[in-house]
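Structure below; questions to follow.
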Amino acid sequence: MEKRVMTVERMEALTDGLFTIAMTLLVLTIDSPRKCDILPGDALHHFLRAQWMEILNYGISFILLATFWAMHHQQFHYIRHTDKLHIWINNFFLMFIALVPFTTSLVGDYPGDWMTELYFALNMFVLGVLLLFNWVYSTGGARLTDGQLDRHVIDRGILGSLVIPLVSVAALSIQLVRPIMATYAYLLIPAFLYFFRIEQRENSL
Amino acid sequence: MEKRVMTVERMEALTDGLFTIAMTLLVLTIDSPRKCDILPGDALHHFLRAQWMEILNYGISFILLATFWAMHHQQFHYIRHTDKLHIWINNFFLMFIALVPFTTSLVGDYPGDWMTELYFALNMFVLGVLLLFNWVYSTGGARLTDGQLDRHVIDRGILGSLVIPLVSVAALSIQLVRPIMATYAYLLIPAFLYFFRIEQRENSL
Amino acid sequence: MEKRVMTVERMEALTDGLFTIAMTLLVLTIDSPRKCDILPGDALHHFLRAQWMEILNYGISFILLATFWAMHHQQFHYIRHTDKLHIWINNFFLMFIALVPFTTSLVGDYPGDWMTELYFALNMFVLGVLLLFNWVYSTGGARLTDGQLDRHVIDRGILGSLVIPLVSVAALSIQLVRPIMATYAYLLIPAFLYFFRIEQRENSL
Amino acid sequence: MEKRVMTVERMEALTDGLFTIAMTLLVLTIDSPRKCDILPGDALHHFLRAQWMEILNYGISFILLATFWAMHHQQFHYIRHTDKLHIWINNFFLMFIALVPFTTSLVGDYPGDWMTELYFALNMFVLGVLLLFNWVYSTGGARLTDGQLDRHVIDRGILGSLVIPLVSVAALSIQLVRPIMATYAYLLIPAFLYFFRIEQRENSL
């Protein structure tokens, strides 16, 4: 029986696991009222009503992680080999995925604050850049793929990855004008990929 | 070797992982007394005795998650294909599964409060509706199944999914009369499915 | 391609996942000093020195979970079928496995207190009883096995499962005399299984 | 169908899961400002600026865990059998992997303190020793491998494992002179393995 070495399949398994855990840990970004601190009745109800922003941010980050997960898998659909640099690109990508619960907690607790929005935007920006780097590095000169990919497949992958840093910058700009609206801007990422079918291969699914 | 694309199997793997983590994270809904805040002896024992409600809610939510997991798998037993909308139905289903530790923590800490009970009921209600939507969408016109299913298989799936929102509404009604009893009502979901064998296929297991 | 139904393999996968997460969550039972509450220097060093009991309990619970995991797999080595009651025995077993981080946190924070020791002992006791019930139910009349097992295989499984509740009772008795020693007693479980080779099949590994 | 017993594959699966969860839990070592305690505006910005040390330590520990994961897999590439002692070496290795979020939290919150640095160094030291022990035990007399390995394969494995305890001692020494620099020293571990190609088999990947 052939033993497994550090292959693309292994990287995908690590990635799947890490995404799943990060998505579930997001729930910890919604502060629970503690029995000892907050009395039942009006104080509790006031606390819960004030928490809609956190719950909304939970939902948005969950959708973003699900989207990144789909994008990652799409890129790895074409990637057949790996090398040391490629493994570390992926490791750094995962490092910033695992960071999402922290930056989500910041924007959920302090919506509209420029510094928390900056942290969240930086997190998304870096994720987009790493996805882009992963794609360009893997497909350039067919480095890690089986043969040269179609030009338009490569271009669509680049376009798809570019959406994330572009939207991050847009969100930061919106934040200057309408602080509270910045968070919603990130929903443009899944919307763009969904409607323009950039994330979809023709013959898959 | 065939590379994996976004298939039903992949969605099941993501779902399995997320359920397992959500079930284990439930334990965090039981507040631990902190050494620094609560002294050993009478204060501790009083704290622990007051915690039975949280432990009970932990148990109930664990049973509910195990039940939903079984129901999800049963539906996916018949689902052989997927599409974009179907993937997002599943993603939203998972978003509300990952939310269960939060709503459980609310009803565990503030049992009998109408707002916490409402949050928990809403969480269950949405999960039921998404399960129902998943089933109706997948089986309607054999959209994602291999051929048309027997009418009674479809009907049982609908009935099984309907139990959850119905019980959620019932629990909310009970809450108006006997606040503290609302939580127990949810045990009707696994009981109903267990005794009426709605969740069981004849020839499986 | 055959779709998966609720089989023994599925139960094993759920069990593996839940054990792994519970083992990793154990680390949260070791209180971290919070920057805001505890100043660097003497206060910090005093805090850390006082924490050895928690670290020790972390280690013991980790070993116990690893042991239960091995025992569970050993029983499932012989189990080839499942039924509704069997699935729920396993679900309840997992519910008490996921509870271990909570009871570990109690005995780690309040070592030698009779009530925390009782909670931990009850947790272990129930786990042992459920393992025993799982084994007796599955092997009785070859209900879930392929053919009747050797009498001595069945007996060793019973003996192995019985060790846990017996040691739990012993630990509680020790607690009455030497409160602080109770925790160490649980190490008798892996020791017993290791040295008497009860957990080992002859021809495996 | 052959049922799985406690094999090397099973140990690898447990290890993969535990590593993934520990890597994701690391994010909890970055303290989130709590809405109730810290007001938006200057107080928040001051808090966030003071948190760079924690974020940096998160990154370093993430890289270290990814490195240990690769080293573990490399050793298990050659290991084809297991025995009781070997299983427990692995269990203890995992126990100290799961401890990393705790020791990371210590050095992140109290950088430059000799006791927190000692805890972190001890954690790394023990991990290195257990990796070394795992390798020497498995390859000695071809105990758990298929045939005798090349002398230089064994030697490189030993050298690779030795790097960890050596760097831990070096970091502790640096801590005496330049407290704040100690943490960075651990980056020598992946750097050493990366540049000297000790972690790479010639014909793999």
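Think of it as A, B, C and D in the order they're written, each chain with its own count starting at 1.
To be clear about the criterion, a contact is a pair of C-beta atoms (placed from the backbone, for glycine too) under 8 Å apart; a residue touches a chain by one contact, two chains touch by 3 or more.
Quick caveat, the model's predicted, so the values are computed rather than measured.
Asker: Expressed in steps between touching chains, what is the minimal separation of subunit A and subunit C?
Answerer: Each step joins two touching chains, and the minimum needed here is 2.
Asker: If you average the Cα atoms per chain, which one ends up farthest from subunit D?
Answerer: B
Asker: Quick one: compare the interface residues of subunit C with those of subunit D and tell me same or different, with half as the dividing line.
Answerer: Both copies touch with mostly different residues.
Asker: Quick one: superpose subunit B on subunit C by CA and send over the rotation angle as a multiple of 5°.
Answerer: Fitting subunit B to subunit C on C-alpha positions yields an angle of 90 degrees.
Asker: Mind checking the centre-to-centre distance between subunit A and subunit B? Centres are C-alpha means, answer in whole Å.
Answerer: Centre separation, subunit A to subunit B: 25 Å.
Asker: Give, as an integer number of Å, the spacing between the C-alpha centres of subunit D and subunit B.
Answerer: 36
Asker: Can you tell me which residues of subunit B touch two or more of the remaining chains?
Answerer: Within subunit B, the residues that touch at least two other chains are 17, 21, 25, 28.
Asker: Determine which chains touch and list them pairwise.
Answerer: A-B, A-D, B-C, C-D
Asker: Report the residues of subunit B in contact with subunit C in the complex, numbered from low to high.
Answerer: 12, 16-17, 19-21, 23-28, 30, 32-36, 40-41, 44-45, 48, 58-59, 62-63, 66, 69-70, 73-74, 76-77, 80, 194, 200-201, 204-205
Asker: Looking at the complex, which residues from subunit C come into contact with subunit B?
Answerer: 3-7, 10, 13-14, 17-18, 21-22, 25, 28-29, 31, 37, 81-84, 87, 91, 94-95, 98-99, 101-102, 105-106, 109-110, 113, 115-116, 119
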